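Each chain gets a letter, A, B, C and D, in the order it is written, and its residues are counted from 1.
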């Protein structure tokens, strides 16, 4: 079993209005020194088998097709934990 | 400047119906061996000053109050990058 | 062809921390008199056939199973437009 | 008191990959005849005072600035309920 994490964020050049609203609210809420807030999505996938290069390639394809819209979003794929198999 | 990441996920005991719909769609889309999909939120905060313990405590408080609903969600705070200051 | 809209909102008794952050940001952004902000999800479904009672019952079941988590969320189903058939 | 609803959807020409994943999962889950699924956001605002034209103009401005990213999203503003005042 392995856990693979796919993070999906709006591309840097695309405005994130809600993140901006939160960022501008922060000083009033007593939080200073935070100059930018961006909100994205995090997907946690549980994968049955060890995540080898072929599995990782398929998960990249999955992320590109169904989790992110690559016109407006960037994504990263990370293996977070992987139990040692034999 | 530092980047702090706050990940917010539904608690494990709370059902994630959309994640489940995606998970059940996967075999049909040609992706096998993925037994669970959960979708959460990822916030990226840019912090002006070095993130010391006091700053981290404030960011934890921010996450607990305005980014996560701790009745139904768990969150984690991580410093992802921190430029060396002087 | 018909369009069916499923609105999914957190139940009133469940706190919406991000909505609250936005609401508390508003006066500072120059918007007064807004006492509450809640953020939910809106799904627009395009349905091939006329939406009769049986179709509506299936869409309710779909919403209950895969679009909303009824432990923490309420949903409503509305037919927004329906072209006259023959 | 009035309730104003702001619906925010990706523009029609922008792909919605998660909506698509759900749509493609549906036949397998036993739901047929749904040709498109798009997921957007719904904001419910509680407004203290009667929503006259000036208030509506301000809420449109709010939606345009902080709730929607008008490069990639469309939004609509609707007054859903308004108690009669004196």
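Note that in this section contacts are C-beta pairs under 8 Å (C-beta built on N, C-alpha and C of every residue); 3 or more make two chains touch, one makes a residue touch a chain.
If you're wondering where the values come from, they're calculated on a predicted model, not measured in any experiment.
Common neighbours of chain A and chain B (chains touching each): C, D. As for how the two copies chain B and chain C face one another, over half of their interface residue numbers coincide.
Counting C-beta pairs in contact across B-D and across C-D shows that the higher total falls to C-D. For the pair chain B and chain D, the distance between C-alpha centroids works out to 25 Å. We define each chain's centre as the mean of its Cα atoms; on that basis chain C and chain D are separated by 9 Å. Chain contacts: chain B has residues 18, 21-22, 25, 29, 65-66 touching two or more partner chains. By the touch criterion stated above, chain A contacts chain D in their complex at residues 14-18, 20-21, 65-69, 71-72.
Contact residues of chain B toward chain D in the complex are 18, 21-22, 24-25, 27-29. By the touch criterion given at the top, residues 7-9, 19, 22, 25-26, 29, 31, 33-49, 55, 58-59, 62, 65-66 of chain B touch chain A in their complex.
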